[in-house]
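Below are structures written as structure tokens.
In the two assemblies presented below, chain A is common to both, partnered first by chain B and then by chain C.
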Partner chain A sequence: MTAVTEQAAVAVADKGMTKREWIAGLVQRRGSVVVLALVILVSSFSFDTFATLDNARNVAMQSSFLAIVALGMTFVIISGGIDLSVGSVYALGGVLAAIGIQWGSVAGLLLPLVVCGGIGLLNGALVAYGRLAPFIVTLATLLGARGLLLAITDEGANTRLMPRDAVLTQIGQGTLLGFGYPVWIAVVLFAVGVVVLQRTRVGHSVLAIGGSAEAARLMGLPVARRTMWLYTASGLLAGLSGALAAAYSASGVTIVGVGFELDAIAAVVIGGTLLTGGAGTVGGTLAGVLLLMVIQNVINQIGTLSSHYQSVVSGAFLAAVVAIQAYLSRAHLGRERST
Partner chain B sequence: MAATQSRPVHLGLRRVLGASLCGVALVLSGCAKSEEPAAQAPQGTGGAQAPVAPAANGPTCTLSQYGGAQLDLKNAIVGFSQSEKEANPFRIAETQSIKDEAAKAGVKQLLTTNANSQLSKQISDIQDMINKGAQALIVAPLNSDGLEPALSAARAKNIPVLTVDRKVNSAACKDYVSFLGSNFVEQGKRAAREMAKALGNKGKVAILLGASGNNVTTDRTAGFVDELKASAPDIQVVAQQTGEFARDKGQQVMEQIIQAQQDINGVYAENDEMGLGALVALRSAGKKPGTDIHVVSIDGTRNAVQKVVDGEMSAVVESNPRFGPLAFQTLRSFLSGQPVQQNVVISDKLYGKDNAAAELGNAY
Partner chain C sequence: MTGDVVLDARAVGKRFPGVVALSDVDLTLAAGEVHALVGENGAGKSTLIKVLTGVHPPDSGELVFQGGPVRFSRPLDAQAAGISTVYQEINLVPLMSVASNLFLGREPRTRWGLMDFRAMNTAASTLLRSYGVEVDVTRPLRTLGAGVRQMVAVARAAATDARVVILDEPTSSLEPREVDTLFAIIDRVRAGGAAVLYVSHRLDELYRICDTVTVLRDGRKVHSGPMAELPRLRLVALMLGRDLEQIRKEGTTKFDSAQPEARQTPVLAAKGLTSPHLLHGVDVTVRPGEIVGLGGLLGAGRSETVRAIAGSLPVDSGTVTVAGKSVRSGSVAAAMRAGVVMLPEDRKSDGILPDLSVRENIVLAALPRLSAAGLVSRKRQDTIVDTFIRRLRIKASSPDQKVGELSGGNQQKVLLARLLCREPKVLLLDEPTRGIDVGAKAEVQALVAELAAEGLGVVLISSEFEEVVEGSDSIVVLREGHVVAQLRGGDVTEQKLIAALAEGGDG
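Up next is the complex of A and B:
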């Protein structure tokens, strides 16, 4: 036995896991990365226009908006909650950016952040202090935000355009080292997300709340306050993503974001985060987002395949991941019963 | 920061519910904002499109104005970006027409994508096709705004873009080459004239609106309402509610309207699917469509035209989806250096009592 596997074996023994469970856990945490790497590898050999810098730029740019939304969703789901409002909030953020920009780029960014953060705060307050089910609370704000959006745009009859030379528009459309600014913003946010979840007290308390909110409360963690800020962060990120997407397309389009919350949830779950909360990784979510987008890209690479297959393939991945998660939690329960 | 269109606000909660909830229902499959699956009618063979004004009387565009090199379509890779799922007769016929004509033109390869009603997907679809080597693009835009990143990617490589069925709010011959499509306002006006004829210029009508925030809905409503005001002021619009371009929604909304407004004698459905749904609702409410209540709709699908033949619908205004021949003809002229029209408005048929039976084969 090499030193590395010995160490691993010790770690396994310490936590009282069987080796099989340890491997299963690894599959759950890192599975999406492995599958992503495989898909990229196979596609690179199959399509000569896949592994090109242009294509990488496109996929990165397409992924950045969903990634930013999915980051907030990751924390909410790890805490045992769900945020269905992000799709509507994302669309609202874009429209507000296009409205705010008439008073300058700062206003164009602040208006969506304030309003969308406010919606997130409302979600959080109702979930944390009102003790209402996150599913219902955020479903209500999903409807409310979409309604507000339609009201301020004459039901989408007024599409506001963003001036091309404004700083905010440039942030959406400009590039750094070949990649668009939204890509870099997503990268930075994910780096922060990884550190927060793994290295800070906030991150640990989120995991604890998701594991068992009651236990976390008994441990003296500020469960309600943390929960409220998680939803606020999710709203803020959705608003930011919407503002960036509006800047990218230079217009506040009203029809975007329908079903976007489900893409975000899918990415988070494919990334290995448990829908029941208590476990998950930020990096996994990024792999989940990229996997969804690469599947779409590959179907376009084939060129003649109906795009319905994208839903089929994405759905298959989701089903596989959820099945593995169910298997893992059963293995876990079985062990607890036997001891 | 221009407001591109405007229309009076009439916000209903069910509209909000409908637009948002459909996302919850369809995990990962996207959400068809407009027309829903219909009983599929066999394809019509005839009914090729013709431009309303074939001669040069509008602004034109040439290859030298737009930029790029001459190209023979036979050696070209052509990309087609469809906006909505091929789950309703219009989209099915449109995509099929492009595919058929691409085969007829003998292009090297036709790439096809479908945005599934997601704007961000349409942007990436177009970028992916450009990356894949598309040398000419035919785009059915999901929305009039917001496709700028895709158009500028095509612009950067001098790839000509034709938009079909919906127009984009960008500069023709600069951001794209030209637009081929129907005049939706005119369709609304024709529907209004048919309604006025059926009602004898007097009565109360309900409007089943299309999906919110869609310029097809806006234009078909504006054309209808304006024409009624101008030529049949004694016809009142007493209700308007969205049926989201879907048959089941059209039926539900009609059921509610007929409960609240028992004395209406006309229904204007902004597409055939909603019109067909409305017929079911009206019959179950004890009305006799075609006798005591008159339904006029837009599209020209096989099922709706059959209802005109049966006497249940009063008239159907066509919105011709067969863009293939005209689109490829335009591309061929353009890529060989000849000037093409920036706006090609196509002529749409009208199916009424007198011609529906004879023209049924042209419906799609």
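Up next is the complex of A and C:
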């Protein structure tokens, strides 16, 4: 032991962090929160109807469904994957809740969770063990789940209503401290998500897998198993979100959730998660979701603008974030090595 | 000195499409020994290691670990059993911190089951300091140099309570001083009763640290026995499969490029290259046919100098002139158009496209030259590719084999081929023989000399002083981004180089 310690320490060419690197890291992690704060601040001064409790409740409610889906997506993207199926699975979850509720609220909740979790498991197994590209696998289940949905609802002809007095419907519609239960459920899930990603070995291994799956495998991490469960969790969360949304509106509607996966991906990326995997935060995703929803809300407040402009603004935003990320990560890479 | 057999591989066979990587290989590791595994590039060393550690399942043969037969189907299984490995291509996660990389999978936890970052960082600092590495362990690994990354990988492997520690070319990116530290670590591991399997191409190191040696050639075991009983020349002869006489004759191979004429205009003149914290007014002049070595230690600015010349490192001031014409700085494209090409230090992240074939990797760069009216003639491609495969003796099962499947030395040759088919004027070589065995190394050196003789200007970086001294016509010695000495003619010796590094020369 001493033989080594007594040796002169190997002089490491410690280049220190440059200011640019430091800023890069900060923008990456906190950029979405700062922009969200700015947008909220400006909107509060511009619109009387914006900074009201009612409006806050409204935005929170709207955000909760997307947030729950985006939470699963965050983990999947950090692991270096993508889950395109969540929009269809979300819609399927809603319709299955409306079908299941005829046997009681427990069935109304379990049916979507089991089926949607199963679809996620299928995704995960094909990606992790079948070694297929996540993009392709989840595109296939996107189409498959949508097809299944149309098949069980006669092409969407019959919208199933959920009894207003059922417990499940109450979970969708009830409130606590003024905010709907789905908001609280999302808050709890995000709190769990933060802890899992940042403070557990599982979260740490997800970051490692996204950073370099091969390195993670050679370091002895259970890459395939982890990957499979991530997609399962994503499917479960999408199904849960769909069920909650159905409960909220007391009906299982077939046509919802088209393009929902893209909103979720946008929220995750705006929240600072690298689309290439290996880095990201759950808190950032929450900020990303809120940002998208606040922008939508503001456009509604303006009133004269068509709601389609929401997509335009969100799209511009996403492009800006990705451009900044790319620029900053190039700045990073430029300093990666020394002689 | 050595104890019981810990790991015994019997008649192991492994084939890849088109290649028999291993056939009937035996390897016995005993407790408390350092076992050298040597062989030319492509001999099957890395494959054997991957079979031992569950990365590749063997096609035939059996593994006996601590007395019982085992079958590892994943690296995880081998690690859980007590075999820890540093693979040849450093396998860590660049985006994560040094501490995370050290502890991934066995992070210290609080009593709530959550990760204890404070404990992890402290433990990581302590561990690395005991290995002689002082570094802020919270920094992402990507911001650190290759040497530190390698030490982290080694520390990770040695830190677990392993019965067997496998190191695949651990010193290829280490400075001499770091090698000393590594050997101290190996001694410690050996004293603890574990077996160490050590792969290296540096013969000095093998004789310094190893007790036993196994030699592979073309996927077969050709020798196994005590290290001290195997004379160097015989070891090289076994590796190369040639007889001793032949080696004796060729053993003196050197770069023997023609003496450059001082009158000739320089093919490359870099003046006053300056980049904050990295380079402070570095001058490098290369005449046609001349090989100029860059001497210096880790962090001296050698790689930065060639990157500045190649346009991939932005400079604040300084000029680069190629064959009399000045080149816009900070642009790789401009440098390439002027005829400057670079073989980067880290071929994995900077150059090679592992999923593409040998052919594609080579012709990628030559596309502008091969295309007539935007079409790439397959026949022209084939001619060029075949020429280079023959000339550089690239060992591939076919031009369509994926480059990622080749051994390190052959990947390097593919990169070199890619550069050469651009018909460059100036060739910048950053550690061209890193991780290449003695046979291929001599080939690469001879090839470089040949190219210089054809009038190419070459800038050569190598952390092996011997290689710089043997290979260069003159040496520019750098320290902390300054040129501290210029060695020419008779002054190009290892002693003068070391003296210049130590004292910084007189001007």
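One rule holds in what follows: the second predicted complex is superposed on the first by the 320 of 339 C-alpha atoms of A that agree within 3 Å, B and C clash if a C-alpha of one lies under 4 Å from a C-alpha of the other, contacts with A are read in each partner's own complex, and residues count from 1 in each chain.
As a working rule, a contact is a pair of C-beta atoms (placed from the backbone, for glycine too) under 8 Å apart; a residue touches a chain by one contact, two chains touch by 3 or more.
This one's a predicted model, so the numbers in the text were calculated from it and none came from an experiment.
S.K.: In the overlay, answer first, second, both or neither for which of chain B and chain C A:S205 touches.
M.R.: Once the two structures are laid over each other on A, A:S205 reaches chain C alone.
S.K.: According to the stated criteria, A:L318 is in contact with first (chain B), second (chain C), both, or neither; which is it?
M.R.: first
S.K.: Who does A:D54 touch here: chain B (first), chain C (second), both, or neither?
M.R.: First partner only.
S.K.: In the overlay, work out which of chain B or chain C sits against more residues of chain A.
M.R.: Chain A has more residues touched by B than by the other partner.
S.K.: Kindly classify A:G120 by the partners it touches after superposition: chain B alone (first), chain C alone (second), both, or neither?
M.R.: So A:G120 meets neither chain B nor chain C here.
S.K.: Looking at the overlay, does A:A279 come into contact with chain B only (first), chain C only (second), both, or neither?
M.R.: After superposing on A, A:A279 lies in contact with chain C but is clear of chain B.
S.K.: Contacts for A:S249 in the overlay, against chain B (first) and chain C (second): which applies, first, second, both or neither?
M.R.: First partner only.
S.K.: Considering only touches as defined above, state whether A:G271 meets chain B (first), chain C (second), both or neither.
M.R.: neither
S.K.: Residues on chain A in contact with chain B in one complex and with chain C in the other?
M.R.: none
S.K.: Mind listing the chain B positions that touch chain A in their complex?
M.R.: Counting only chain B, the residues touching chain A are 1-11, 13, 15-17, 19-24, 26-31, 33, 85-86, 109-121, 123-125, 127-129, 131-133, 142-149, 169, 212-214, 218.
S.K.: Touching residues of chain C toward chain A in the complex: what are they?
M.R.: Touching chain A: residues 55, 74-76, 78-80, 85, 87, 91-96, 100, 104-105, 107, 109, 113-115, 129-136, 139, 142-148, 151, 156, 175, 177-178, 180-181, 184-185, 187-188, 277-278, 296, 298-304, 313-314, 345-346, 461 of chain C.
S.K.: Okay, in this complex, where on chain A does chain B touch?
M.R.: Touch list, chain A to chain B: 49, 52, 54-55, 58, 62, 65, 84, 87-88, 98, 101-102, 139, 142-143, 146-147, 150-151, 153-163, 173, 245, 248-251, 253-256, 258-263, 266, 293, 296-297, 300-301, 303-304, 306-308, 310-311, 314-315, 318.
S.K.: In their complex, what parts of chain A are in touch with chain C?
M.R.: Within the complex, chain A contacts chain C at residues 1, 3-5, 7-15, 17, 21, 195, 199-201, 204-205, 207-208, 211-212, 214-222, 278-279, 332-339.
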